[in-house]
Amino acid sequence: MTTRPSAFTRKDFRLFRDIPTRWMDVDTYGHVNNVQYLSFFDTAVNGWLIEEHVLDPRRSEEIFLVVETGCSYFSEIVYPDRVAVGVRVARLGGSSVTYDIALFRNDGDVACAQGRFVHVQVDARTRRPTPIVGARRTLLSSIVAGD
Amino acid sequence: MTTRPSAFTRKDFRLFRDIPTRWMDVDTYGHVNNVQYLSFFDTAVNGWLIEEHVLDPRRSEEIFLVVETGCSYFSEIVYPDRVAVGVRVARLGGSSVTYDIALFRNDGDVACAQGRFVHVQVDARTRRPTPIVGARRTLLSSIVAGD
Amino acid sequence: MTTRPSAFTRKDFRLFRDIPTRWMDVDTYGHVNNVQYLSFFDTAVNGWLIEEHVLDPRRSEEIFLVVETGCSYFSEIVYPDRVAVGVRVARLGGSSVTYDIALFRNDGDVACAQGRFVHVQVDARTRRPTPIVGARRTLLSSIVAGD
Amino acid sequence: MTTRPSAFTRKDFRLFRDIPTRWMDVDTYGHVNNVQYLSFFDTAVNGWLIEEHVLDPRRSEEIFLVVETGCSYFSEIVYPDRVAVGVRVARLGGSSVTYDIALFRNDGDVACAQGRFVHVQVDARTRRPTPIVGARRTLLSSIVAGD
């Protein structure tokens, strides 16, 4: 097995998004299926971008596509549970942004899972990368890790 | 097309369960896919039964299985939206319970979709129907429509 | 409980679409979750329309939206299983089409679940109903029940 | 953005599992959502283990839990498409197994996405790691990369 990362705790994050689990998230082993964790990453990041008014998935001329995801699993989530998704920017590149994401179960302070999620900004029509500038860059800069 | 039912409004329900939409609920047409609506039914009913301590999916000797579902769709839900799921019992039979379920989008008072959801209580091991009695019957009786 | 419909058998259908189950379809009770059955309806109908070249979800000026679904469940599906989805048109209206759909598990001849699925054709932009004509009407007519 | 791995081709794999896409896999951008790719990993690996008779998810005394996943995305998959999932063992540890997984779209020879998927074998009851031995070890050894 690969070297396991150290678990994040809540103090590593300023931005949190809440996602309650659903009945259908649970698989035959009685816990939330590993795949659903990744949907929490996607939902948290896109939801934040939309609510901060820098992304309109159906109308923006530039959208974000996922080019890499990864998740390490430490402990189970079940139904019903509330998941707090901690989101921060690990690296803000010219046209890409790498997020650190951690999932906290109910009132837990230590991540039950965590990973990386890499978005590339592309032209919605051509799907070619474009530089992240303006309001988006300002917003993303506001959650850069360690600032 | 079949005759469409009249839309429920919030006053038709006493019990509500909140479910925020997720990024992945949305399909190529930019709205929550029709299938996800049914997952809201399942999540609302089971979540209520679990939190009221009458169901433990992994340990209860008697569980509820779905034998019928149905949904009529009136208007769209998107991401991000909050869905309030109204739940009431339309009919409480010997071993089955028929729920009326309505979905309300954000602060909307008129259902954007509604349907029926029929559970049968079965022995967890044999999967044969068993009579609904005791705390479960009392709980279900508390949300019978029109009482 | 409501009156249960008689189960369809394979001879009731001429059109079948194959869908293998997935690990994540299975819920905590060890069988395919009831919600996934409805996704098989959606996948079978749209896949057929696309492969018959009468629907391009991203480019067609008229698309089909679901206005009603319903499913009765008779017996379990698990993972891994192959599901054969029988599809026929129960009623072809001016702008709507009501499908009868039945799910057959592996080599089973009797439906393990069946239901109705109602599409309305709408203008992709305005989302107002439009009459089903031309190649679409011809195709849909070819699977009308009882013909 | 991180350094991108070189894309696998079909000749890197001996074991393939076929998974057709579904309507609901597609998100608002008109392509299969990134999260679903991970469900293809899970489905391919578990399906193979079950069909080779070394795993019975509901009865085996030892099951496999996911401790790490990761995926790099190179190009889109849409609906309807057939995905061929190439699976091989990158590292077979004492109680864990790391899979290399690549997704090939329709007749494509170059992976449209690929990643890692790490299972740990645990006791189904205690969820503590146990050594992978016997028929399971033999089976897993048969698809070790580079042999």
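Each chain carries a letter (A, B, C and D) given by its place in the written order, and its residues are counted from 1.
Just so it is clear, a residue touches a chain if its C-beta (ideal position, glycine included) is under 8 Å from a C-beta of that chain, and two chains touch if they have at least 3 such contacts.
These numbers were taken from a predicted model, which means no experiment stands behind them.
Chemist: B-C versus A-C: which has more C-beta pairs touching?
Modeler: By number of C-beta pairs in contact, B-C is the larger.
Chemist: On a C-alpha centroid basis, what's the spacing between chain B and chain C, in Å?
Modeler: It comes to 22 Å between the two C-alpha centres.
Chemist: Determine the centre-to-centre distance between chain C and chain D, using the mean Cα coordinates as centres, and give it in whole Å.
Modeler: From the centre of chain C to the centre of chain D is 29 Å.
Chemist: Give, as an integer number of Å, the spacing between the C-alpha centres of chain C and chain A.
Modeler: Using C-alpha averages as centres, the distance is 34 Å.
Chemist: For chain B, what residues touch not just one other chain but two or more?
Modeler: 23-24, 26, 28, 30, 33, 35, 39, 42, 57-58, 79
Chemist: Pick one for the touching-chains graph, please: line, ring, star, complete, other.
Modeler: If you draw each chain as a dot and join those that touch, every dot ends up joined to every other.
Chemist: In the complex of these two chains, what residues of chain C are touching chain D?
Modeler: The touching residues are 18-20, 22-24, 26, 30, 39, 42-43, 46-47, 50-51, 57-58, 79-80.
Chemist: Hey, which residues of chain D end up touching chain B in the complex?
Modeler: Residues in contact with chain B: 23-24, 26-28, 30, 33, 35, 79.
Chemist: For the complex, give me every residue of chain B touching chain C.
Modeler: 1-2, 4, 28-29, 33-36, 38-39, 42, 57-58, 63, 65-73, 93, 96, 98, 115, 118, 120
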